[in-house]
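After this come two complexes, each holding chain A, first together with chain B and then together with chain C.
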Partner chain A sequence: MVETILFYGFAALILISALLMIIAPNIYHSALFLALCLFGVAGIYVVLNSYFLAGIQVLVYIGAVVVLALFVINLTRRILDVDSDQHNEQLLPAVIISGLTAFLIISAVLKTNWGTMIAHRVAQDNTALTGRLLLNEFVLPFEIVSVLLLAALIGAISIVAGDKGAQK
Partner chain B sequence: MTITLAHYVVLSALLFAIGIIGILTRRNAIGILMSLELLFNAAAINMVAFSKYLTPSEIYGDIFTIFIIAIAAAESVLGLAIILAMFRKRETVNADEMNIMKY
Partner chain C sequence: MDFKKLLWDLFYDTGKPLSQFYAWAHNLWMQTGLPGFILDVFFQLVIAVVIAVFIALNAIWIIYYERKFAALLQIRKGPNRVGPFGLFQTVADTVKMLLKEDINPDKSDILTFWAAPFIIFAASFGVFLVIPFGNGLIAGDVNIGMLYVLAISGLAVIGILSAGFGSNSKYSLIGGLRSAAQVISYEIPMVLTVLAVVMLAGSLKMSDIVAAQTGNPLKWYFIPQIVGLVLFLIAGNAEINRGPFDLPEAESELVSGFITEYSGMKFAMFFLAEYTNLFLTSALAATLFLGGWQGPFLPPVVWFMLKTYFIVTILMWARWTFPRIRVDHLMAFSWKILLPIALLNLLITAFLIKVI
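Our next item is the complex of A and B:
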């Protein structure tokens, strides 16, 4: 019962804030609605008993990605201009395409015979098991991701810094 | 009534659809990148939900979601760096005004 209420609450939070995010005329408001939506996804992880993932979601997405997006918005907004129109004229084709995509996925889900597999699940917290798996079975992808993050760090710095000679 | 796997899949399908609308209708390149994050999250919800319902004793879905989050962070950093560099050269962040490959 509690799970039902929490699921519908967080689902409504996610969908409403995602809709507001894509229709917000101000890009800054859009980033704040994105933070709200990601917070709802963290809540969904809590409903699914993945507490570690919920923490990672809040720390990495809301704490890093959204804040970075806000910084870049502040750095790239033309202060003297009025906020120009943030949307192009492709709203109707976009709604049709994404509506068809959602219809396809949802009808496939509803037509599938899942049997009794999806009725309920075992509620358990898997944080300790996550750590053990990350350092045993998945240690190679773990290290590759850390190298990838280092490469992204160096790449971002070199892209943004540019070469000093060209700027003068 | 209990929450089944179908609920989570429908939620992630709707989130994915909203993200596609955002990608296709935003002019601001930062808005497009933020809509991409919605797609990543829709996929991640699917991963965790399928893992929890179909193989409750194993948590490979959680592991994959951790990698999705890490790679999405790297992608977001690089995308925003490219947008910032583009803004310095072209004085715009609108995707429909970035219409030449070489400047």
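Our next item is the complex of A and C:
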């Protein structure tokens, strides 16, 4: 009962804020609605008892990704102008690609047999379980992701440092 | 019912009478046949109101304390006109704020300008969910406790950036950007020091972290984690934009930073959030490093408040003693000094846990 109410509440929040994010004329507002949308996703995780995932969702997606987007918008002058156009001219490719994506998602939703699948609520204290799984069974993918992130970090620093770094 | 025992329980084992009362109320409610979650929602609302009242009263006291303490350090008297010892000065200020006109600057962005104070206050209000005030006196002991604190308090950056953007003023914009850069930079050493404590306790849950330190002061984490405590206080002080790290509102160059354009009640929200954050950082330091509510003789709540205000005093002392540092030094300090020390601290802690 409570879960149903919470689920539909968060689902409505996600859909409405996602729609507002697309149609908002101001790009800063779009970023704020994106944060709201991601917060709704975190709420869905809480309903499913995945507290750890919800915490990470808020910490990484809202606390880092959206904040970075807001930061960049604040630093960029021209896109804040009232009469700057938020849309580009690529109507045809956009319709084709989003149509294809929508077709894929809708056909996947229709083909899945939802009746036999029950939403699996995980155990209460799954944080320790997640950690154990990450460092035992899935240690290889975990390490590969770490190395990938490290490479991205070093790449970003070398781009920023540029030639100045090479001269020193 | 033994009245004396109840009184003892209320002070020293607060969780027990509270859960007994909840069970009694739940039983009574179930006889009416209505769904049980309505009662739970009602209790949660009551807890939220209690916390809100606590925040307001605590802010009134902590602001008075800061002004008196600053006066002590600067050899002057501080507030001494309204009420005995000037105790009602903050109340008078609050009433003044409430009566002031609410000004929206021309060409400000209404949505972000209005949302910013609420986002900032909500971020500090939310953290109170997992603060253990006493034995069992915790609003919601979720199993990701510490992660929840870091996630929710990180949301304040969105409010700060929105305040800078929405005000449509160059001082606000620069203040907002500075603050965001500062909070993001100092969050990393803070998370790493918290991680060392979490590794020692073996849990993210706040009640487990407190319980792991036991009632013996020699086992509190400020002894193995003395480096961590100092790092936490420095990074925490920078996180809440106070003390020598108040670059975002450096009045000598930025008027008042991201709160330049705010007035009346919205300004009061920023002020309330700042002092609530000061209390929260101190409460977290007391919980993580000083054994939380544990201590001999006195009731847990009293111990918790004493420890918290001890840390508050240290942070205020730092604020009124050190000069504001330069903005490029601020970033270098976080990335080149605090981060390596925090990483080293984490590594040594992990090594010692495995060896000993």
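Note that in this section the second predicted complex is superposed on the first by the 120 of 168 C-alpha atoms of A that agree within 3 Å, B and C clash if a C-alpha of one lies under 4 Å from a C-alpha of the other, contacts with A are read in each partner's own complex, and residues count from 1 in each chain.
Assume a contact is a pair of C-beta atoms (placed from the backbone, for glycine too) under 8 Å apart; a residue touches a chain by one contact, two chains touch by 3 or more.
Being a predicted model, the structure only gives us computed values, none of them experimental.
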item	value
Touching partner for A:140 - first (chain B), second (chain C), both, neither	neither
Touching partner for A:58 - first (chain B), second (chain C), both, neither	second
Which of chain B and chain C A:75 touches, first, second, both or neither	both
Touched partner set for A:11, first chain B, second chain C, both or neither	first
Shared contact residues on chain A - chain B and chain C	52, 56, 64, 73, 75, 124
Residues of chain B defined as touching chain A within the complex	1-11, 13-22, 24-28, 30-31, 33-35, 37-38, 41, 44-45, 48-49, 52-54, 56-57, 59-60, 62-63, 65-67, 69-78, 80-85, 87-88, 91, 93-94, 96
Chain A residues touching chain C - in the complex, by the definition given at the top	1-2, 26, 28-29, 32, 35, 51-52, 54-56, 58-59, 62-64, 66-67, 70-71, 73-75, 124-125, 127
Chain B partner contacts - residues on chain A that touch it in the complex	3-4, 7, 11, 14-15, 18-19, 21-22, 27, 30-31, 34, 37-38, 41, 44-45, 47-50, 52-53, 56-57, 60-61, 64-65, 68-69, 72-73, 75-76, 78, 84-88, 90-91, 93-95, 97-99, 101-102, 105-106, 109-110, 114, 117-122, 124, 126, 129-130, 133-134, 138, 141, 145, 148-149, 151-153, 155-157, 159-160, 162
Chain C to chain A touching residues, read off their complex	35, 37, 109, 111-112, 115, 142-144, 147-148, 150-152, 154-155, 157-158, 161-162, 164-165, 173, 176-177, 180-181, 184, 187, 204
